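As written, the chains take the letters A, B and C, and residue 1 is the first residue of each chain.
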Amino acid sequence: MQTISVKTHQHCEMIDITSSISDILSSLGLSEGWITAFVPHTTAAVTINENADPDVLHDLLFRLDQLSPRDLPEFRHAEGNSDAHIKTSLIGSSVTIMVENGRLCLGTWQGIFFCEFDGPRNRKLWIKTNP
Amino acid sequence: MQTISVKTHQHCEMIDITSSISDILSSLGLSEGWITAFVPHTTAAVTINENADPDVLHDLLFRLDQLSPRDLPEFRHAEGNSDAHIKTSLIGSSVTIMVENGRLCLGTWQGIFFCEFDGPRNRKLWIKTNP
Amino acid sequence: MQTISVKTHQHCEMIDITSSISDILSSLGLSEGWITAFVPHTTAAVTINENADPDVLHDLLFRLDQLSPRDLPEFRHAEGNSDAHIKTSLIGSSVTIMVENGRLCLGTWQGIFFCEFDGPRNRKLWIKTNP
């Protein structure tokens, strides 16, 4: 297992980690199989989405804030970050990407994004290949 | 890796691709392991849900439209399909199904659905088995 | 493939199944690889989130009820549980966890939760390791 460290700077933020994962893939020399990125936090997630126009990320984070707002009066969790826990389960804690000819199999516009929902913090992802 | 082509006819649409994936599984002759369907687009997704009553799909798409509406005034992405990008990250870009005795392991009512969120378009899914 | 049986007692409920999965891992003696939990139902899901403060689960279920309410007038599905089908596709039907040194690779605060969205019922999860 390899670890990617991610330093986030905003409360909510999507950070393109595609090249970091691609670099790990190259260093391992895996030609054919799978690579998984797993987020070992409960207020951060990982997703695949467009890596061309940063406005897509803005819009995604904006709407997620509406879907999971901070400080609903019914929330009980004393840490005050229930919104981040909810976003995490909506988006998910891992992605698995196919590998062929030593390269990540991603569509033309796809990138892999670490999703910070309760930053800024120092975060990490665990990366593991199969086989 | 195999490719499934999907032609969508609606702006938003869920298409049952279970038999296409099952056919690929049969053609590959995999007896035991895993099969993954990956969507290489950023405005389409894949999910597992009920394949018996089409009204379930209607209700799911209807509510998703409310959770991720088109044309919020705060949206910045110029293509005007931010709703589709948001739905994609909410639903997810891949599913992995167990294989035993040469068959997909799905529950009685489960089917695998390609989710079009910005159609109609010609789409594809990548299918890969393990081992 | 192994099966975990889960008896739910509420209409909506999150049940920590981490130790059940860990026990299966121990019984199989897998040292290094992957373990997947798959829910073969269409009104229940599985997710990873905080296992320390039960209030996180309360808040997550509370907000999911708002994101996917029962009995919208536009719903057509006659069984009346469209809300549960929608939640299932938002949260997802499976999680895959890395295994190293015979142990589940989870972050400090992470647990694996079966999500009942249309209970109470007798449910099951399918567990399979790789290799």
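Operating definition for what follows: contacts are C-beta pairs under 8 Å (C-beta built on N, C-alpha and C of every residue); 3 or more make two chains touch, one makes a residue touch a chain.
What you see is a predicted model; the values in this text were computed from it and never measured.
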item	value
For chain A placed onto chain B, the superposition rotation in degrees, Cα atoms, nearest 5	120
Same-site or different-site touching of chain B by its copy chain C, using the half cut	different
Chain centre separation (chain B, chain C; CA means) in Å	20
Overlap residues in chain B, where contacts from two or more other chains coincide	67, 90, 92, 96, 130
In the complex with chain A, residue positions of chain C that touch it	33-34, 47-50, 53, 55-56, 58-60, 62-64, 67, 90-92, 95-98, 100, 105-110, 130
Contact footprint of chain C on chain A as seen in their complex	1, 36, 38-42, 67-68, 72, 74-79, 82, 85-86, 88-90, 92-94, 96, 126, 128, 130
